[in-house]
Amino acid sequence: MSDTGLGPEDVVGMLRAVARAVIDRVNVLTDADLAIGDGDHGIGMRRGFEAVLTSLDVGAPTIDAAFRLTGMAILANTGGAAGAVFGTLFTSGAKSLMGADRIDAEGIRRFLAAAQEGVAKRGGVIEGQKTMLDALAHAARATSDAADLTACLKAAAQGAQVGVEATKSMVATTGKARSLGERSLGYPDPGAISVAIILSAMRDYVSSGIDDIGGRNG
Amino acid sequence: MAKAVKKILNDPRKAVTEMIDGLVLASDGMTRRLPGLDAIVRNHLPEGKVALLIGGGSGHEPIFHGFVGHNLGDGAACGQFFAAPAPHIIYEAAKAVHRGKGILFLYGNYAGDNMNFDIAAEMLQDEGIDIRTVRVTDDVAAAPPERTHDRRGIAGDVLMIKITGAAAAALDSLDEVERVARKAVANVRSMGVAVSAGSIPETGKPTFELADDEIEVGMGAHGEAGIARQKLAPADAVAEALLDRILPDLPFAQGDEVALVINNLGATTMMEMLVVNRRIREVLQERGINVHRTEVGTWLTVQEMAGFSVTIMKLDAELKRFLDMPCHSVGFSRMGAA
Amino acid sequence: MAKAVKKILNDPRKAVTEMIDGLVLASDGMTRRLPGLDAIVRNHLPEGKVALLIGGGSGHEPIFHGFVGHNLGDGAACGQFFAAPAPHIIYEAAKAVHRGKGILFLYGNYAGDNMNFDIAAEMLQDEGIDIRTVRVTDDVAAAPPERTHDRRGIAGDVLMIKITGAAAAALDSLDEVERVARKAVANVRSMGVAVSAGSIPETGKPTFELADDEIEVGMGAHGEAGIARQKLAPADAVAEALLDRILPDLPFAQGDEVALVINNLGATTMMEMLVVNRRIREVLQERGINVHRTEVGTWLTVQEMAGFSVTIMKLDAELKRFLDMPCHSVGFSRMGAA
Amino acid sequence: MSDTGLGPEDVVGMLRAVARAVIDRVNVLTDADLAIGDGDHGIGMRRGFEAVLTSLDVGAPTIDAAFRLTGMAILANTGGAAGAVFGTLFTSGAKSLMGADRIDAEGIRRFLAAAQEGVAKRGGVIEGQKTMLDALAHAARATSDAADLTACLKAAAQGAQVGVEATKSMVATTGKARSLGERSLGYPDPGAISVAIILSAMRDYVSSGIDDIGGRNG
């Protein structure tokens, strides 16, 4: 596929695909949160990403604007811990793409690094506390030597999934699962699952190939 | 527990916004809703009043939004079910109640609330508005004493809003109001017991499962795991189990004067809470702890969850003064010391 | 529903007496128990005060015994679960609150309460004590308008005790207090809806069965059959169904000023009641009926029964005056019109 | 058995047997009340008749005192409608036996007539309203031409049972069952069942014969 990465229109298309993917998984996320939280992660993420779809309707002139709009919509409509951390994921990531007119592997690396830093700061968490940060950090690291956008998002999605698995063997030390202590062992972190869903949707959008992307790039 | 719990609602996804309309109407003109927002504020707020903004997830009615009123909260930012309110709701509610003397943010200590209120606070501080934050951390079951910052806010909210609301009405500097709130939160301790689960209307799923003969001591207000899952026990034993954790934690000592709150998580009968109160008072009397004021009722709920919590706050003359002032809101009204 | 409902009690057969101890303790010195009797009376009752005695079966907490306090009931005779108090309890409670000006008996209209209170009244009248009786008959579902004497007393009790308690504090003749109470009861109407059953701890058996998708409109406070058993309906439809019976019954007309009570039968969430309130207010506004005061809360319960009732009372200047006075008891405290 | 009827001691013995019989049937009565009332009739009657056993411990000098003590104990401890009506049944009945040193068939007839009148007055009810009065009235009528005590109580117990059956085809017009209207059809009235239990226990006590009664009468 085109190594030149994605332009603003494709980024919007990709973010729409991300939103649809999250909305489709509402029950998976809710059940994960029922196991170690309060059971609202799925419906919260759905609220947020339904708002993302609406706010992207107005279109986005630039790439960083598309990611920022996405973050603002999540922040304004999700609520709970997820609203703050997933909103921050996109708004912080957006800052790293200021002025970029295309996004490639390097852009994704910058985005994930900035997102990770922003979330860690907002949440006051580090890796190993059984949060979505663990999926995000694994994803960021996994992308280090990916050659092109497709490979980069493949690696990111895979990394996030590894992060999700990793959270199963962690004892939660923040969020609603913290009070479970040892009892949170064995369960994946709901927010981490959301990160994996988001990055997988980005990968699938890009991998769906020439006609879909290059076409518009042609 | 498979099928959704029966509730008298319209579209569950509209429940929070319709609830807020109903709440404003129930206040008989005392409050209004910010147009298009899940936020409630008091009408007729005097210029120069230190503002008290409370808030948190919905589904815990009457707390928080039902505590907006006279000598209580000036406004509340309401989230969806069990979800902290979004920053822009908090921001708008804060702007609406600000009267030039700054705003105290008072809410329960949960990651979601902390992050969303902090984002709003940063936005407001950028505009030069003085914001202070006091997080309620009364749940002794949530973390050991040395990690109170990891403790959740549960029914201690009731006394915190009562006292801080009175202080915000009587005192005229944000520093002073913050000082009173910090003193109060430092002196309040709670613990609850869960008997059966509540559910979120949108999912209809109970937030946890308890066997027909089980209770869970120390469980949080969203079904967060507690200290011990055990067989159903007599009221006296449950009362003692709660006090065994609450009393040494502060610790509450002989000669202390305290306020006592027994809060219904939803479906527990008042009869049960009064039977529990009986044993609690026997124990407190043995320990030489004197109850200045008792509150037994339904304030911080978790939908139809059955269970209750016990809250004790150590009082001094100043806290007593604010506790004894009259107050009025849809969810909490008191004549005040007669 | 086969196995007994989980409750945090000691010996269920001691629940009523232990509840009364807990209630007296929760009143922080405002009330006392008559030694060895299931009766609660106010301390410091002034000589020459017209006495108000309330009472009824237990299991409906906080009503009735939780309504003994300042500007409310002077004493309460408590029965066992859902059972009217025995005559000698009523007799002793009456003697304890009598201050020379006679006593008004105020209670819900049930065969058991009527007979037991009447027996006590006859004993007291034989001693020359002036006793008047006002029975609350607000449940429109119980009988047609021409047979109000066959109607049950439900959450109308809340407004009746509030208003009559204030009148008994402010007026100094039994005739006058009785007149106010009769005016109030003539102007109050209620109807409820049941969502799930409550149970008596001693038997642990739900007092009725409702399918997982059924509700019963007009059901009584003990699970007495209502008007229609129907499928679970949206809040707006339920609100309308209740108003369709309540409004024409008095009837409430355009321009009327009313008090509105939405009472939780136990396990219903406040969110549901507030959503219902939203629709009720829309309808009342359409009809030009103006709500002077709204009360949404948990007062007349049926153990862990889920459901609620709607009560509307037509007010005049005098009823408003007594409704707006402050009051305080364990179960009901109001700051009064600010 | 002895045609001379029962003396005070036997009346106390008989009332104890009645109390034990009612207490034994607590579940039957509660279930009957669950069907058309509020489910407390059994536990209420048990409260009342447990108190009867205690108050009869002091013994009773006269027959009317024994019945009166029984009525007072019920009135003071049962509560609800049953406390008033069953208390009244025994206290009103007791008045009709003032001064009697033995009770025979004629005494039972007087007792039942007075009890029926007292209950009707207290409850403000007539026959046909589906209450315990229906069992009581049937019982009273059934005794009209019984020759001796045994026959009289046999007839009374049988009459009460007929009354219970009769309540099944009545629509309740008082008490908690009233609001059931038509829906109360087919169910017997709980209080009526209690009347039948009480009179059957009196019959059984008397029929249990010489050794048990005559012995003490000998």
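The chains carry the letters A, B, C and D, assigned in the order they are written, with residues numbered from 1 in each.
The criterion applied here is as follows: a contact is a pair of C-beta atoms (placed from the backbone, for glycine too) under 8 Å apart; a residue touches a chain by one contact, two chains touch by 3 or more.
Given the structure is predicted, the values throughout are model-derived calculations rather than measurements.
Chemist: Go through the assembly and pull out the chains touching subunit A as well as subunit B.
Modeler: Chains that touch both subunit A and subunit B, as defined above, do not exist here.
Chemist: Using mean Cα positions as chain centres, tell me which chain lies farthest from subunit C.
Modeler: Looking at centroid distances, A is the chain farthest away.
Chemist: Taking the mean of the CA coordinates per chain, how far is subunit A from subunit C in Å?
Modeler: Centres of subunit A and subunit C (C-alpha means) sit 55 Å apart.
Chemist: If you average the CA atoms of subunit C and of subunit D, how far apart do the two points sit, in angstrom?
Modeler: Taking the mean C-alpha position of each chain, the two centres sit 33 Å apart.
Chemist: Centroid from C-alpha atoms only, then distance subunit B to subunit C, rounded to Å. What do you get?
Modeler: 28
Chemist: By residue number and range, which residues of subunit A touch two or more other chains?
Modeler: none
Chemist: Which parts of subunit C, given as residue numbers and ranges, touch two or more other chains?
Modeler: Residues of subunit C never touch two or more of the other chains.
Chemist: Among line, ring, star, complete and other, which best matches the way these chains touch?
Modeler: Its topology is that of a line.
Chemist: All pairs of touching chains, please: list them by chain label.
Modeler: The complete list of chain pairs in contact reads A-B, B-C, C-D.
Chemist: Using the touch rule from the top, collect the residues of subunit C that touch subunit D in their complex.
Modeler: By the definition above, subunit C touches subunit D via 57, 79-88, 110-112, 115-116, 118-119, 141-142, 150, 152, 200, 202-203, 205, 207-208, 220, 222-226.
Chemist: Touching subunit B in the complex: which residues of subunit C?
Modeler: 3, 6-10, 15-16, 18-23, 25-28, 58-59, 61-62, 66, 70, 193, 195-196, 201, 212-213, 215, 232-236, 238, 264, 266-278, 281, 291-294, 296-298, 301, 303-304, 306, 308, 326-328, 330-331, 333-336, 338
Chemist: Could you pull out which subunit A residues touch subunit B in their complex?
Modeler: Subunit A reaches subunit B through residues 30, 34, 37-40, 42-44, 47, 75-85, 122-123, 174-181, 183.
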